[in-house]
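What follows is a set of structures for review.
Note that subunit A is present in both complexes that follow, paired respectively with subunit B and with subunit C.
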Partner chain A sequence: MQGKVRMKKKLSSIFNNKTGYAFVAPSLIFLCIFIFGMLIYAFYLSFYDWKLFDLGRLKTFVGLSNYINMLTDSIFKTALMNTLKFTFISIIIELVIGFFIALGLWNIKRMKKLIQSVILLPMITAPVIVGLIWRYIYDPQFGILNYTLNVFFNTGEISWLGSHSLAFVSIIIVEVWQMTPFVILVLHAGMAAIPHENLEAARVDGANGWKIVKSIVIPYIFPLVIIVLIMRTMDLYKIFDTVYALTKGGPGYTTETIALYTYKTGFSYYQMGYAMALSIVTLVFIFILSSIYFKKVKKDI
Partner chain B sequence: MKKSVFTVVCFLIILTMVGIYGCSGDNQTKPEESNGQDNKTEEEQKEDVSLVLSRWAGDPYEAATYELCKRFTKETGINVEIDAVPWENLREKQALEMASKNGTYDILYLHPFWFSEFVSNGYVVDLTDKLGAGYIDEYVPSLMDTSKADGKIYGIPEWIGTILLAYRTDLFKEADIAPPSGWDDILNAARHFKSEDMYGISFPAKKGGTLGDVFSSLLAGTGTWYYDNDGNIAIDTAQAVEAAQFVLDLSGYAAEGLMNFHWDETVNIAMTGKTPMVICMSSNASWLDDPEKSQTVGLWDYVPLSYKGNPGGIIVNYTWSVASDSEYQAEAIDLIKFLSETPQQIYLTKAQGTCGATKGYYEDSSVIELLPSAQAMNQAFTNGMQAPSWGNWPEQQEVLETELQNMIADRQTPEAVIKALAAKMSN
Partner chain C sequence: MKKGKYNVGKLITVLIITVFTVWTIVPIAMVVLQSIKPRLLMFTTPPTLFFKPTIQHFANIFAKQQIPGYLINSLIVGVAATAVCVLLGSMAAYSLARFKVKGAGFIAIIILLARMVPAAALVVPMYTFMNHSGIIRIPYLGVIIAHTTFSLPFTIWMMRSFFQDIPKDLEYAAMIDGCSIVKTFFNVALPLTAPGLTATAILTLLTSWNEFMYALVLTARTTKTIPVGISSFIGSVSVDWGGSSAAAVMATVPIFTAGLLVQKYLVRGMTMGAVKE
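This part shows the complex of A and B:
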């Protein structure tokens, strides 16, 4: 009985808010067509063996084969491990560096705006451009990095992107360089929003330096840290442009990531069915990771 | 009030939908729909024709095509629009446009990777009877063959190139070493020149095609290939292992970072005088003698990558084809013929260092002057194999290049590289 009443109330609220729903409708329609529609189609295609160019031909239904093949696909496993390692390491470095720079910015009084603008420059540059810039910085013969290291430490020609041991680290450095400003921006905004009275009160109570950071700043910005974690995890899990511009996944498979492997499968090997299955698995992974984070946010807020 | 807002919003949605539909429609005017065409002169009608040409983006190649199309427009009055997209997206873009049968393109610049696929899908016009009597006799037969399928002509070859060895004549003369005529010579010279200030050799070993092309050239030189004449896998041979071993041996004397070198990085090292030898594409070889780019102008000579004295290599080319759904097929044929003729090809040699496919091109004395590598290219074509272009080559190439890179990093043996490739090919 109660359920019926609740349903009735819900329906009447929908009818009473017709105007609101009408305004939302265009975006909802587009969202349904271009996001959910495409996702459903991708999911449907993942059960077929189909080449991109066979547009006019019948697709062969292969059931779960594409998903089962992933279990024995060693490149997929390597790419998945690389992506997870890459995500985990980059996020930790970005958070630590970002937090301390944001803290520094929060404390300085002069030229704050200028420093903020300069810090944000890498973030607003397109990843492919960043990739190309760093390709020249890393160049073993003519790059500025080796030149500088040689002047001070006589290190010789280091092959940053052409070496199995350094290529992975080199890509992490680029990603950290580009996206730490985002972390700084968000955390600094959080710090700036801390009420002045709380800080004053802490100071009156004799707290200073690290104690204020530990007891006031960190708890205050914690929800923002989770937001940063969600956004950066989703971003890093999909990393493509930088790797593509710098190494194309090489040497060997040392910098192969899930997004790059999916792209190659779809647009170099043209196995769209398998590429769609890879995309769906990526989506599920991101969904699971984000859900964990969101749960944490709900709990903490 | 609420009702009227609701009505307005619904109206806006409908308007948006209609707008999208209108924009996505075929906006090209069909000849039978255009009134007054009959009253126009032939020249005026040609001015109404606008051909759309699809090719990959990037200079100097794209700019050179623009220039030639401008000349064509000046000569004929036919407008040409170029749709240039990054190489990586070209096949996908062309295939999707052709499959959707929108008539978007009139002329397609096809790589051998997808040429046969386009032919079998009926995306390109059979030109066998449309080029005019005796027209194909003007072309070098082996090069013309690259644009044929089942004995029929589906395009005109262009952008002819191969992989060569460029060596510094001054340094070789100084060291009293003869020009390399085999793999052993190359290795010995690399060993001789390798020092603190100089690498022994420079060659590209990045994934994405370059390393695969170097290996294929070496393989072609041995007289063996990935498949035999009957289409059976023929890669698991001693010669293939020897070719992989040669790549490994050479890497010991090569420039630091070669596993991230594409053709441009490889040739950059040679242009700055840091290596006496470089394995490069013939199109990039011209950079070595470009006074604006190179510090080593006039110091290079070229030889094919010979195996035990036998020159060999791969033929790299593109094909100009006419789209089967083009409205203006006759005009499109005129354009591809124009682009492939000797004078235009000589212009392209100057502009981008590539070669033409006509007999006249190779008989032209200015070509030899323009292109010091022309003779070496001709030798390489003698035992030349067309660069791998079968449908699943990209996947096989990925395995080959990854395993070769692992081998260079001492994580794999040459035998294992070939075994892995053979396994992939038979999968």
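This part shows the complex of A and C:
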């Protein structure tokens, strides 16, 4: 027995520093060059001003002016506000609907697997294709949404994506359609993992439906709610594909988001220096948002 | 609790879930229907639900050759990015799961931070760098690198959780038999995680297949991936609903197949291994 332990000790010394670094080094080098290297590169270039076609030619040093310009850039402010509004509204809707559907799913027995397979389809569909699908649905003349509404309410040709007041809501609906299933599957996985003894004990104590939800289910899945919050915030904050496919930020700038604006600044307006500065600010904002969450999580645990 | 009340609750639950499932599936079913609907019936009021299906739209797509080309491009990019991610990622994951290296915590944080950097912040510097260095002129390479940047942290995290799930004893046994650490990794540890490895690879492939922003910026006319190809349809949606629906169906069938194959691991993957079903 002791010999075996000694053998194991000797063997585990093979898992030493040197080999360990060798195994992790290729990945680290790759990430350092193509993620952190790119960020440093962007930071450096954000102090310069040049056009997209000027690649390779001399760039003009402009100091902080790209960042200072941002303060008076009303489109940037609109894009930032839209992104934050969009992120929080979508997350709240997805969490509320997701929680109740997950709860319902947890309570039924038949067809559970089938329903889970069906609802996961939107979340693995390419966002560009989701955008295409919803363009058919929202089509003012031939879309099934206006058709259905007309059958019941005679609302006429509503321009879902072309109107200033509706475009934003229309995109949120698409986002909720696509990603609520993600929330459902995660929360349902959490509920399914609640030990039966806990539920039985509560039932014996006379707790009924809502009491069980409040005293057992919610505390049990709370860590998952936080995970969902973090993942969805990171995803929604960088929303690009869906908006690009649905409205390209229009009409006007009513659905412009940070990612879309950064992209356009670089590749439609050719202001590369300014686009670099926007990239840096995009990054800073997501880190501030995440650190707020992490602080909150630490407090709760 | 009275029995009657309980049944009403059950009925409402079933009703709500049915409504939700229908709401989820109708848009997808609609596109499938459009892709096989004859042109003449496309814009009727009320919408025609029953008709003799046609393969005309699919035939048109194959005749024009563009969409099949985009699909092949997507496959090339996806397979290459996945191969790199799985190889480098599982090695790094093995290191994090098994070795007691100094600074392992710090390395883990670097990988998590890398995962958090949004593509929106990377796309402009990445494009500039690849243009300066000439990488962009090598077919596919730029997109493959870009897709690797966001999938590699994911692969590492997933594979780490799979390595942690398997016991070390078999690896010890192999080493007693004189296997080197490299051989032990490739011949013993990696095969033991085969289901996890497959799931990780499929999820990486799926992410690459669906990615749009980098592909839009980093591909040329002949190397466009399928999301970029489909986005070019969008301006003219009103003209050809059948054709664009057929393209969407063709781009999505492989994804649905792959997604249902790894369904068991999907939630785990999307939460970076935090939720194990």
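The rule is short, and it goes like this: the second predicted complex is superposed on the first by the 284 of 301 C-alpha atoms of A that agree within 3 Å, B and C clash if a C-alpha of one lies under 4 Å from a C-alpha of the other, contacts with A are read in each partner's own complex, and residues count from 1 in each chain.
In the analysis below, contacts are C-beta pairs under 8 Å (C-beta built on N, C-alpha and C of every residue); 3 or more make two chains touch, one makes a residue touch a chain.
Predicted, not measured: the structure shown is a model, and the values here were computed from it.
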Touched partner set for A:23, first subunit B, second subunit C, both or neither: both
Per-residue contact with subunit A, leading partner among subunit C and subunit B: C
Partner chain in contact with A:154 - subunit B first, subunit C second, else both or neither: neither
Touching partner for A:267 - first (subunit B), second (subunit C), both, neither: both
Contacts of A:224 with subunit B and subunit C, given as first, second, both or neither: second
Partner chain in contact with A:282 - subunit B first, subunit C second, else both or neither: second
Which of subunit B and subunit C A:142 touches, first, second, both or neither: both
Partner chain(s) touched by A:250 [first = subunit B, second = subunit C, both, neither]: first
First, second, both or neither for A:72, with subunit B first and subunit C second: neither
Residues of subunit A at both interfaces, subunit B in one complex, subunit C in the other: 19, 23, 26, 55-56, 139, 141-142, 267
Parts of subunit A lying in touch with subunit C, wherever the complex brings them together: 7-8, 11-12, 14-17, 19-21, 23-24, 26-28, 30-32, 34-36, 38-39, 41-42, 45, 55-56, 97, 100-101, 104-105, 107-108, 115-129, 131-137, 139, 141-142, 144, 147, 151, 177, 181-182, 185-186, 189-190, 192, 208-209, 224, 227-228, 231, 234, 237-238, 240-241, 244-245, 258-259, 262-263, 266-267, 272, 275-276, 278-280, 282-283, 286-287, 290
Residues of subunit C touching subunit A in the complex: 1, 9-10, 13-14, 16-17, 20-21, 23-25, 27-28, 30-31, 34, 42-43, 45-47, 88-89, 91-92, 94-96, 98-102, 104, 107, 110-111, 114, 116-129, 131-132, 145-146, 148-149, 152-153, 156, 172, 175-176, 181, 185, 206, 209-210, 212-213, 217, 226-227, 230-231, 233-234, 237-238, 241, 244-245, 248, 251-252, 255-256, 259-260, 263, 266-267, 270-272, 274-275, 277
Residues of subunit A that touch subunit B when the two form their complex: 18-19, 22-23, 25-26, 29, 52-53, 55-56, 139-142, 157-164, 167, 246-253, 264, 267-269
Subunit B to subunit A touching residues, read off their complex: 2, 5-6, 9-10, 12-13, 16, 88-89, 92, 95-96, 99-100, 117, 121, 205-208, 255-261, 265, 268-269, 272, 274, 392, 394-395, 398, 401-402, 405-406, 408-409, 411
